[in-house]
Amino acid sequence: MNWDAWLPVLVVASSLLPGLVIFFLREGSHRLRTALNLVGAILKLVLVGILIWGVFHEHVYESRWTLAPGLDLVLHADTLSVLFVTLSTVLWLVTTVYAIGYLENAPHRSRFFGFFSLCVSATVGLALAGNLFTFVIFYELLTLSTYPLIAHRGTPEAVRGARIYLAYTLGGGMLLLIGTVWLHVLAGPTAFVEGGILGRLPAEYHPQLKVIFLLLIIGLGVKAALVPLHGWLPQAMVAPAPVSALLHAVAVVKAGAFGIVRVVYDVYGVNFTDQLGLLTGLGIAAAITIVYGSIKALFQDNLKKRLAYSTVSQVSYIALGTAILGPIGTIGGIVHLVHQGIMKITLFFTAGNYAETLGIHKVSEMNGVGRRMPATTLAFSVAALGMIGVPPVAGFVSKWYLGLGALEAGMAAWVMPVLIISSVLNAAYFLPVLYRAWFREPGPAWPAEHIPAARFETSAALLWPPVVTATLALAAGLFAAAPYSPLEWATLIAHREYGL
Amino acid sequence: MTDAMIGLVALPLTGAVATLLLPRSATVVAIGAGLATTIAAALLLFGVANQGALHYEMGGWSTGLGITLRADGLSALLLMMTSLVALAASVYASAYFSAASERARFWPLWLLLWTSLNALFLSGDLFNLYVTLELLGLSAVALATLGGKRAAAEAALRYLLVGLLGSMLFLAGVSLIYAGYGTLDLATLPRVVEPGPIAWTALAMMTTGLLLKTALFPLHFWLPPAHASAPAPVSAVLSALVVKAAFYLVLRLWLDVFANVVTPVAANLLGLLGACAVLWGSWRALQAERLKLLAAWSTVAQLGYLFLFFPLLLALPPGPTRDLAAGGLVMLALTHGFAKAGLFLAIGVIQQRCGHDTIRDLDGTAQHLPATTFAIALAGVALIGLPPSGAFLGKWQLLAGAVETGQWLWLVVTATGSLLAAAYIFRVLGHAFGHQPYPNQPVTVAREEWPALLLTAMAALVLGLGGAPVWKLLEIGT
Amino acid sequence: MTELLLLSATGLMLSLFLGLLRVLLGPSAGDRMLATQLIGTVGVGMLLVLSVLLDEPALIDVALLLALLAAVAAAAFTGQQEARHD
Amino acid sequence: MARMAILAGLWWLMVQGRADAWLVGVPAVALAALASVHLGSPALPRISLTGLFAFLALFLRESIRGGIDVAFRTLGTRLRIEPGFRRYRLHISDPSARVLLINCIGLLPGTLAADLDGDHAELHLLDSSDSPDPQLLQLEQAVAQLFSLRLEAGDD
Amino acid sequence: MNTTNLLVFDGLLLFSIVGLAWASLATTDERRSVILFMAFGLVLAVAWGRLLAPDVALAEAAIGAGLSGALLLAAVRKQSPGSSHTHANPDRNYSESGAKVVLQWLVTLLCAALAGTLAWALLHALSSAPHDTLPRAISDNLVASGVSNPVTAVLLNFRAYDTLLELAVLLTAVLGIFSLGQTTPGYQPAGPVFDGLVRWLVPVLILTAGYLLWVGAHAPGGAFQAGATLAAAGVVLRLTGRSRIGLPDGFVLRIIMAAGVGVFLLVGLTLLLLGRPFLGYPPAWAGALILLIETAAMLSIAATLLLAFVGGQPQSTAVNAAANRQREENSRC
Amino acid sequence: MLTAQVLYGLTACVIVALGLRGALLHASLLQRVVAINVMGAGVFMLLIAVAYRGPGLPPDPLPHALVLTGIVVAVSATALALALARRLHAEQDND
Amino acid sequence: MINLASSILILAGLFFYLAGSIGLLRLPDLYTRLHALTKADNLGLGLLAAGLALHSQHLLTSLKLLLIWLAVLAASATSAHLIARQARRQETRR
């Protein structure tokens, strides 16, 4: 093995090894743990940087390890995986900082950070998976490593939420597994290849392939929280804020969406999927989810729950983009993978800040919070506006390309209304919050002030992460045309997928 | 290398005699004998890998007149697993049994059990197999009684009677084979056995006897009480190895010795029973109130999976696909062996530290015994069949075989069983992660926690990630 | 002579058969035990006859052992009864 | 030594005189003799040879008589029995001799020793109308002669 | 000789065997069942003799007729003699219902089917000419085996490995019984008549054991039959109420228990070291080695069976070494 | 086919079935042990019948050896079972 | 001549065996049955053994037969006594 083969492994290992070491650290060795976390995160960032450069220059990074005859664990870096890896690496670093601040003095930090690192490792592995088999392995590992994070607090609700999460994801995982095995039997090892590989199969397999597609999409749809498979997501809100941030923005939900992208583009091939008549179905499911999630979000008073339903809705933009045939729609979907991530993580960070600093959990308690915590609330506002699709925040870019793509593919008749309705609904559930935060008078006292030391705003470790991610969200929109921007990268991906 | 075969039988047996004669230093002697046995197993594994299948004619008498020991890839693998599991359990037992009198009783029986397992996996003679089965059964029962409680004695007695019945049926089959074919040698038999009343009846009787011993549904009734009431290290070996031994024989008989006698209908029957075992065992495990009972019922279920392979293997034509499926079967068996042994040892730690193993009252275990809880979680990963455990690869092959042969029922059963397994495992973990007043305890990993951790890591990580050689080894047949 | 031995073997068998009826009929445990003793004695005789008839001298040893151990059985029976009434 | 000789004789009989058997035979005989000593059997009583012959003769005769007696009693169309119990005072106190006596009583026509209770034997009679005393006394004398004992005066 | 003339004999014998088996299992009275089983064993011994299997007949005479009976009788429940309600489990009363009858019929039917199938297969097996390769191989190699009794040759030479494991089974059983802890209470001192029996029976049994051990080399007999006979001597002693029944204590007992397996292993491994196969005796030494192994095996077997009868580890009330030594000396028999 | 072989062989089958039935149906532990022993006797008879070669001919010694081993094993198992049963009974009586 | 004697002895032995067994069936209670067992059967065995001993060519074999007879005799006499004693004791206790 040479350097090119080792690099993907190192990317995974840079979070895995610190995680394993952290498990065995004493509860009190705070500094060592922090150092390990940060060193790991930064190292990963550097490695990923190399990866980006290499992939852009069409370097092949591939590690292969045989688990059983015909079943290889393959880590392979292509444009799509690099996109996702970068997203998770950057957000991991930010979230780690945030989590260090958030969990100060909380119990079981070793356990928490251990699983946290495992979770990120699983996500990165999933992103780098070179075939469906490897993808499934990391998909399940992700499930496993997030379970303890959701159950972390150990309260009955936490344990219950974790159980529901598990029931959904393991069930989905099982369907995914069955689909994968089936596909494996039909087509042999299903490596991810741009443009897909299944188009070569004889026509008599097509009915089976449709069933398999359904199995795979349902399996992935659970994590991607496609309606009606989304039930776990609001329940998992009991987890600590950094975990929620991770679940919604980086790891779990994204893994599902990413999987859908992979299956459609790199397993079936988008043209072949369309040929089988499956794209429309996927698109409709995504559309329903988008609208349904937004409507549900409208009626949540609990801030985190409102954000959760917002995630249900927003993640489906990715699926929607996938379902729109043609490079432009693809760009819209893929770029939203990143955009939704940075915006949503900002929202969760800020929601965590409100809860941690002032004890605010509900929208109705947010009156005037912008005056008490302006920086946080500013970050919140940027992200929320992005979600609605207000330019120049990143969300606008995604929606723009989705709309264009729909026009190009001739699907505008139903995609456009969905986009419009959803944006209106987004505005309907975010704008009132902003109004309350900025323009309403605060009440006599906050529900519970936790961090009195931070007279202004909140502690630095909690404040900086949302500020950074909000800035990123803004930058992604403003400098969308810059080289190496998410949009540019997504364009690269789309071109390679369509063989342009 | 063939001397390693003798060593595998003679070393633990010598150890048993030595521990009997030297009760004061029994622990040291036993661990020493165990180490030596493990080395022999490793030597054998390498020998088989490098030189192919090995055989040894006992006493120098030609095969048929004398007894021949045989080792191929399958037996070498199972022997290796036996040694590793038994060694780990031995280390645990050295901490578990504290009183000198307990040790003096435990070690000789323990090494006799080990002897019998090794002898069984090596045996190349039908009647010799009967003797090893009896040695296995009796030593297992004797060890199970060491729990000391009345429940243990009651369960052990039932276990013994069932085991005896099983051996008698087996012996009846063996007699019939000798009557019909005039030989007992396992390698000679495939050449002379032909489909017909003799072979069918003999196989049916032997299989029934073995199914009793391996506790396939509906003949599983004796297992949960016996495995749940034995001392932890004993339970570990009972669930991980002893039932496996009988299963190994079923496998040998059906796939090697009587390969041209077995019919798809019969294999489907086995598969159906396996399916029932998976569902019923998992369901009962979910209902269990005690951790040990859960583990025992889970054994019933896990054995069921192994039987799901029979209809697949029979439907697949000989060739690479079939070899893949067979490898999956062995992988599943190996993983379960390590995982279940580790699980029982971990439960033993909990039982001793907490004074009970009631699942409802396990809240906070993750805080008090993080390493042990982690071991349980790893075991759970392997039992559910999640990656990166070996069981994942095994179930993959199971599913692939089911798809390949169009036997969708097994696919549904496997999926349902896995989800049920997840349910019962995470019921435990849910309690373990449950909230308890925060004790700022350092992470301790004591001598009795290590074995469980290593065994479960073996099942959940090593076998899954480094299991490819298993398929290679299995190509080495007798 | 062979015919005679055959006859006596069969006759002894008949005798054993009759004893068997007593074993089955009982009524008391003592009755059964006593009938078992009879079966033992008959068995010894039968083995002796068979040893000549089948030309297998080792059966004489069997007869000897049977004779000795039938006594053990009876002793076990009564001994156990005694212990029971402690 | 006497018992050693007897046991050696038995051994010799069992192995049908094969000489190579003594390798096992010597320890076996020695062990058996040791067992016999430790079982607390007293040194062998003095056995008179004439007594032995007399006893054997009586014993054989009575056994045959006993067998014929019981055979004809039971084979008749009607059972000619009148069972009953009877106590009998023993005139011999030597334990070994008593055991022999008790065992022999069972072989006499019509009698069976059902229990031993101090100096008294509880006898079961097949035909209680017939007194067994004369033949019992005869047997006792033979046993006494065999062991070179004297009968004690009985007052029954 | 005309076998058809033995037909009546065979018929009656088999009828008795089946009758006894059936009767012994038809009753619910444990004691009756055991006595019938003893009778069954006696008749079986005759049957083995009839089939020219005197080795087995000897074993059956020692075990089936004698020791098994004693063992079983000792385990008959002492509380409720002759009562059919032997289970203290109150739930059992429930099951005396229709379901149970159905179950009984089902099981009976199943077993009948088993008998039928087995018979069918057996008839098939017997209808072809007997397989003579193996018997011929045995008789061809008999000279090299060191003994002239083919059964002993098979047991201790050709298939010595089986026998080694068999001794391990015995050892396991006795260790298992040990681990149960306690002995059953002893028996009352027996009356003088019984004592009289014991005084001659025990030495004769010891002698017979020796004989069987020796004779095994060239005629039916062997370590197992000898060991069982020796154990029978101990059983009789125990029944007379003696606490010392010829079993030593402590270390010596453990040595005797382990002797069978130990000597066997020692011989096998020594041969291995000398460059021969495991348990491959040099023909010149085979006879002596077999006798050595058999002697050790006999002692182990006797100790095992006796301990099984006693039902546990003999109480070691050793207060001091002197007392121990004293006891050892007293218990040599 | 020898008449005696067939006769004894068939009887063996019957005994095996009888023993099995007893072992399955009896409630009493002791009687289950007896039943298993009866079943064992049936199997042994099967083997010995197979070994039988007719009057005057030496029988096949191998099954005899197997049966001897089988008897020892069966006795060991019986002894252990009975010891366990005694222990259980003793504990039940103590209750 | 010897053959004739041995035949007669064997037949006589058979007769007593049968008589004992019939007695065992016909006699009314345990004690009387014990009579039949001890006396008739032992005589039967004795005669049978004597007959076979005459038939045998080897003196030692004949002596062994005698030995067996003695063993059975002693054993069954003792066990008859023991069985009777036990029955008697049970009776008197009740």
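Letters A, B, C, D, E, F and G mark the chains as written, and numbering starts fresh at 1 in each.
The rule is simple: a residue touches a chain if its C-beta (ideal position, glycine included) is under 8 Å from a C-beta of that chain, and two chains touch if they have at least 3 such contacts.
Note that the coordinates shown come from a computational prediction; the quantities given were computed from them, not determined experimentally.
Student: Going by the touch criterion at the top, tell me which pair is linked by more C-beta contacts: C-E or D-G.
Tutor: Higher contact count goes to C-E.
Student: Taking all protein C-alpha atoms shown, work out their mean, then name the chain whose own C-alpha mean is nearest to it.
Tutor: Closest to the centre of all protein C-alpha atoms: chain B.
Student: From the centre of subunit A, which other chain's Cα mean sits the farthest off?
Tutor: Relative to subunit A, the chain with the farthest C-alpha centre is D.
Student: What is the distance in Å between the mean C-alpha positions of subunit B and subunit E?
Tutor: Taking the average C-alpha coordinate of subunit B and of subunit E, the gap between them is 31 Å.
Student: Give, as an integer number of Å, the spacing between the C-alpha centres of subunit F and subunit C.
Tutor: One centre to the other, that is 20 Å.
Student: Report the inter-chain centroid distance for subunit A and subunit B in whole angstrom, where each centroid is the mean of the CA atoms.
Tutor: Taking the average C-alpha coordinate of subunit A and of subunit B, the gap between them is 42 Å.
Student: In whole angstrom, what separates the CA-based centres of subunit F and subunit G?
Tutor: Each chain's C-alpha centroid was found; their separation is 30 Å.
Student: Return the residues of subunit B touching two or more other chains; collapse runs of consecutive numbers into ranges.
Tutor: 127, 131, 134, 138, 141-142, 145, 153, 172, 176, 179
Student: At least two other chains touched by the same residue of subunit F: list those residues.
Tutor: 16, 19-20, 33, 42, 46, 50, 55-56, 62, 69, 73, 76-77, 80, 84-85, 87, in rising order.
Student: Going by the contact rule already set, what residues in subunit E reach two or more other chains?
Tutor: Within subunit E, the residues that touch at least two other chains are 1, 6, 48, 52, 55, 67, 74, 76, 78, 118, 122, 125-126, 130, 132, 134, 138, 159, 162, 166, 169, 172-173, 176, 180, 191, 193-194, 196-198, 201, 204, 208, 211, 215.
Student: Any idea which subunit G residues touch subunit C in the complex?
Tutor: Answer in residue numbers: 3, 7, 10-11, 13-14, 17-18, 20-22, 24-25, 30, 33-34, 37, 41-42, 44-45, 48-49, 52, 55-56, 61, 64-65, 67-68, 71-72, 74-76, 78-80, 82-83, 85-87, 89-90, 93.
Student: Considering only the defined contacts, which subunit E positions touch subunit C in the complex?
Tutor: These residues of subunit E touch subunit C: 1, 5-6, 8-9, 12-13, 15-16, 19-20, 23, 31-32, 35-36, 38-39, 42-43, 45-46, 48-50, 52, 54-55, 57-58, 61-62, 65-67, 69-70, 73-74, 76, 78, 81-82, 185, 187-188, 190, 194, 197-198, 201, 204-205, 208, 211-212, 215, 219-221, 225, 229, 232, 235-236, 239-240.
Student: In the complex formed with subunit E, which residues of subunit F make contact?
Tutor: 1-22, 24-28, 30-31, 33-35, 37-38, 41-42, 44-46, 48-56, 58-62, 64-65, 67-69, 71-73, 75-80, 82-87, 89-90, 92-93, 95
Student: Quick check: in the complex, which residue numbers of subunit C touch subunit E?
Tutor: Those in contact with subunit E are residues 2-3, 6, 9-10, 13-14, 16-17, 20, 23-24, 26, 29, 32-33, 35-36, 39-40, 43, 46-47, 50-51, 53-54, 56-59, 61-62, 64-66, 68-73, 75-80, 82-84, 86.
Student: For the complex, give me every residue of subunit D touching subunit E.
Tutor: Answer in residue numbers: 3, 7, 10-11, 14-15, 21, 23-25, 27-29, 31-41, 95-96, 98-100, 102-103, 113, 116.
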